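Here the structure comes first, spelled out in structure tokens, and everything after it is commentary.
Think of it as A, B, C and D in the order they're written, each chain with its own count starting at 1.
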Amino acid sequence: MDKIRRKILETGGAGLLAATVPTSMAFAQSAPVKIGMSMPQTGGLGAGGQAALIGLRMWVDDVNAKGGLLGRKVEFIVYDDQSNGANTPGIYTKLLDVDKVDILIAPYATNPTAPIMPLVKERGKLLMGNFSFQVNAKVQHDMWFNNAPWNDAKGWSEGFLEAGKNAGAKSIAIFAADAEFQQNLANGCREVVKNTDWNLVYDQNYPGNNTDFSSIIRSVRAARPEVVFVACYPNEAVAIMRSVNEIGLGSQVQIFGGGMVGLQFTPVMQSLGSLLNGVVNYNSYVPGMKFPGIEDFFKRYTERAIAAKVDPLGFYLPPFNYATGQMIEQAVNATKTFDNKRLADYLRRNEINTIVGPISFDKNGERSKPRMVQAQFRNIKDNDWEQFKNPGKQVVIWPAADKQGDVITPFDRARKAT
Amino acid sequence: MISLDLLFEAVLFGILLGCFYAAVSLGLSVAFGLLDVPYVAHPALLILGSYFTFLLSKTGIDPIICGLLLMPVFYVIGIALYRFYYETFERRSSDTGVRGLAFFFGIAFIIEVCLILVFGVDQRTVSATYIGSSLEIGEYRFPYRMLVAFGIAIFLTTLLTLYFSKTFNGRAIKAVGQDEGALRLMGANPVKIKQLAFGIATAVNALAGAMLIIVGPVEPAMDRIYIGRTFCVVVLAGLGSMSGTLVAGLILGIAESIVMMTLGASWAPAVSFGLLLLMLGIRPQGLFGR
Amino acid sequence: MNVNEYIFFAGFVILQFVVLATAWNILGGYAGYVNFGVPAFIAVGAYTAVVLFKSISAPLVVQIIGGGILAGLLGLTVGLLTLKLRGIFFSIATVAVVFILETVVMNWRYVGGATGLQLTRPQDLWIFDTYTRMLFFVMAVLAIGSVSIARYIQDSFLGRGLRAVRDSEEAAECSGVPTLKIKLIACTISGALMGIAGAPMPMYLSYIEPTATFNLNYSISALGMPIIGGTSHWIGPVIGALLLATIQQVVTVTVSNELNVLVVGVLLVLFVVLAPDGILGLIKKWKQSSK
Amino acid sequence: METILEVNNVVKQFGGFTALSGVKVNVHKGERLGLIGPNGSGKTTLINCISGAFTDYEGAIHFNGQDISKLKAHERTKRGIARSFQIPRPFSSMTVMENLLVPFAFVGGKDGPEQQAEAMEILRGMGLADKAFVQSNQLSQVELRKMELARAMAAKPKLLISDEAMAGLSGNEVDEVLEILFDLNKLGITIIMIEHIMQAVMKFSERVICLDAGKIICEGTPENIVKNPDVQRAYLGD
């Protein structure tokens, strides 16, 4: 019976693709399946959240166009937690008890996610993680699957430091923002450095709302490091790069960057322009990385993003949020059920093909094969966001699998290189 | 561990930073210091000034010019704001304490949220030839944007000091703080004078706002930290002393800069607020207060 | 019993604001000294709880008491420092305390520093089906407690003295009111109650992190609610809190963006300007006119 | 005669400006003392020092033989010094009755029915009985003046300082207030009256002290004070 209905719907779905009949009709008989989440759409994480949301909405539209999940229309319920973790427990209980959603997706980032982990575990619900960091390490919920292309802290800086090592560096300076994510980045880097013979010549955390970086950059320069690892907030990237340009770091610096959050977001990249040149920084995707279907995704994404006045490139979060949808889709279609236990089971056992490549998970529900890249910015012009669409503006230098070119050192030379 | 020349440089940066702090505090020094209005919305208007500058500068006008062009606008805003404050609170003298504070706190909040609604949470910057490069004197390098801040601070301070000492209205404003009766004898209307002063205080904020976005990127919620910084400077200075404001700004700037280079940057925010508490505790009348 | 769990989550937050508003009003409403530093007191409560939990895995009750005591001490200290001065100085000082403490916490690794700290709740549910229901009940008790305290103060000498202080500090002194002393008492009680309101937060979120804890939005709410409800009577803050916190809860899961924060700000300004005595004042007026 | 208040070489400075330079006054029990002087002569500063609004002055003040120089205002009130204010300072959110109950509560330590009855007595004495339950921000100028005196009385003072209680009152209102002060004095309360309205002071005071520029320029019976050339100079300038 169910099978038959699905048949009808698939044809219905096909027809609807051809002659776009209002979706609602296609799903006349069956109740929709509810997928719910809270996404920071305002506050500190708002910019990223809004972009991510477009990625998810695109998946919802696509899957509904294909006839939904098991013939049921996907209904997507989103609330805004204002980037404030204090709001999420309430929101997720509402999703569970009032909206009665079938599948939960976590909010973007760690702070809003951490408070809902125990709740979700208590209820034995599947939770699709969203670019949070090691949030399950303590809670150990076996139905958690993070879409982020990283695993533990080390994965972050390995590539960056390796590049430094190849350039013969022996000393490193670290400065990081006093914030959750940035601190985790920096701690990862510190860990790696511990296991090398490098000496850590400068290591400082700086506060949010820092007006001027002159004195920090000055003291970094005084420490004469060969590698400078920066873990900053999007809001500080501009100020930092300016000060670097003004004060200078000294000719001995081989590579600079590493964990600068924000260099993935178009507004920041655009306002930095040529200041970006030479910086080596982590990313989740840069043009030129070959994934099936991703070009098409970004073509469609950019249209919607510009209409919605959010990050028009969206390299960082959107494709991975679309991938989250694909994971759900594949698991549901394979298991023919919405039963969270069995879905989780499937996700743990199988590799899923997504627009960001094949994804498989370890026992903590983090990526078993991290796929972070370190890329170096090259010949960037000022005030032009379209340029970032083209390969060669951000050259992947690590890992080998995705490598697009060799890192240019030292930093001063890399800044001028074209 | 910290070398002497580095410390020396910390002081130099501190001076530039300090002038910047002074400049953003001058308006408050008038509104709160002289007129005794609990103007907690001051930093919010500062940020507003930055955003207006951001909009104007899109047309290619130099941010400093933008700031100057905005001054009359802000002057009017200030007048209106004070009028409103006077009519609703001072006149009715319905305890200005709680309600006045709540009023300005609310205003600040509304400005902040409106900025977020219009511009979003991500930062805004302006570009100008002097942003991003620096003046090199031997070993030392001074960012031009900080030198601009330095210039603006000196300019505004001298301007206000002269205005308050040389002109009739200026003296009247200084007087209104102490004794309204005396002012009436001078044949001036205290309300008009206060209104004028408040207009000036807010106008100054326009230029200061322009300077803020020249010095660094600006985001809507920034006003919160500046509540502390500006009030710290004004209290440190002793209410209503312009030159005092400059000195207080310098003290704060140098202190922060040194902490950043030595003890560790992450402790910097505590400096201004710590100083403030200390001051309130031991010498509430400020360094130059009567 | 299968009552919708969401009620308890939302209810917890609303009741928490009842406590905060009531606490704020004891000093701000009765004595007219405006505390902008509410988050500082909440945070002291919350982080004391965290330390007690992490170090000696103290039960919730102990965490709450501890948090209350320390927040009370904070109130006393800030009071001693600035309550001699004019109200505005006290207000500014309280803002300062927020940023100082935030900086301290940011640099304090034991409680997680900037990265925050995940906590696993103990599973002693006492007589309750879920931890949230217990927290809801606890917060309800705290709310009733703090409201009764506020009510008691209002009818006591202390309340009379505080009102005198608000109306005219000099006249109060000359009528034999030990103004500084009673202001300090009020400031301590008020602070302690805010700490108590903050103490259950870590267990409620099973996570603690500075930026959310030291969020100045708490200030605007804690001061807006009494002023909107009416500061002259203990019921005022309760009305204001129930009303606004409920609105906020609803808005969060409907309109859902910055507007939600705007609500309080706008209402606050509207009320101070148009209805200085808050909803209570309006009711009074309406009664008189209907007579 | 027994001295109730002894002001000994009190010097009070504001920043650089000296408001009182070595003032010396003795007030006798039950006396009616008038304190006059042109604007800024230091009258109000002096009584602020006596009432304890200021405690940072040099010199000593003894009350009933005890040194109260360092005591805070409310402590002095408890010992029997009460005052009214030049600009009335009612507890405007309270009714007249509640205004009186504040001192009853904090000086007497009780605000029960007896105290309310007592308060009512005081108000009746001042002709404010009918206003007892009116909120004090509704009162007229003269009523405010009376209420302030009533509130001062509620503190059961031995010494009452009336700071220009008649400023801005009409002729017969002035007489009303004078009546009240006379009555209070009859109850054995020492009264210091600061006043600009000369005939009031002269009519009321047994002894008058004239301050100018923070110094006592002369003291004596009303009659010789008016005749005194220094006083005339002080007021009219030369």
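Here is the rule we use: a residue touches a chain if its C-beta (ideal position, glycine included) is under 8 Å from a C-beta of that chain, and two chains touch if they have at least 3 such contacts.
Quick caveat: nothing in here was measured; it's all calculated off a predicted structure.
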Both-way neighbours, i.e. chains that touch chain D and touch chain C: none
Chain whose average C-alpha position is farthest from chain A's own: D
Chain centre separation in whole Å, for chain D relative to chain B (CA means): 44
Rounded Å distance, chain B centre to chain C centre (Cα mean): 30
Separation of mean Cα positions, chain C and chain A [Å, integer]: 37
Mean-CA-position distance for chain D and chain A (Å): 75
Numbers and ranges of chain A residues touching at least 2 other chains: 42, 44, 178, 205, 207
Touching two or more other chains - residue numbers and ranges from chain C: 103, 106-107, 166-167, 257-258, 261
Residue numbers of chain B (touch at least two other chains): 116, 224-225, 266-267, 269
Chains touching one another, given as label pairs in label order: A-B, A-C, B-C, C-D
Chain B contact footprint on chain C (complex, rising order): 28-29, 32-34, 36, 81-82, 84-85, 87-89, 91-93, 95-97, 99-100, 102-104, 106-107, 166-167, 216, 219-220, 223-224, 227, 231, 257-259, 261-262, 264-266, 268-269, 272-273, 276
Sites on chain A touched by chain C in the complex: 41-42, 44, 79-82, 84-87, 89-91, 93-94, 96-98, 110-111, 114-115, 117-118, 122, 135, 138-139, 177-180, 182-184, 187, 205, 207-208
Contacting residues of chain C [partner chain A, same complex]: 4-6, 8-10, 13, 103, 106-107, 113-116, 118, 120-121, 130, 132, 201, 204-207, 209, 211-212, 215, 249, 252-253, 256-258, 260-261
Chain D partner contacts - residues on chain C that touch it in the complex: 157, 160-161, 163-164, 166-168, 170-180, 232
Chain B to chain A touching residues, read off their complex: 3, 6, 9-10, 13-14, 16-17, 20, 116, 120-123, 125, 131-134, 141, 143-146, 215-217, 219, 222, 224-225, 257, 260-261, 264-269
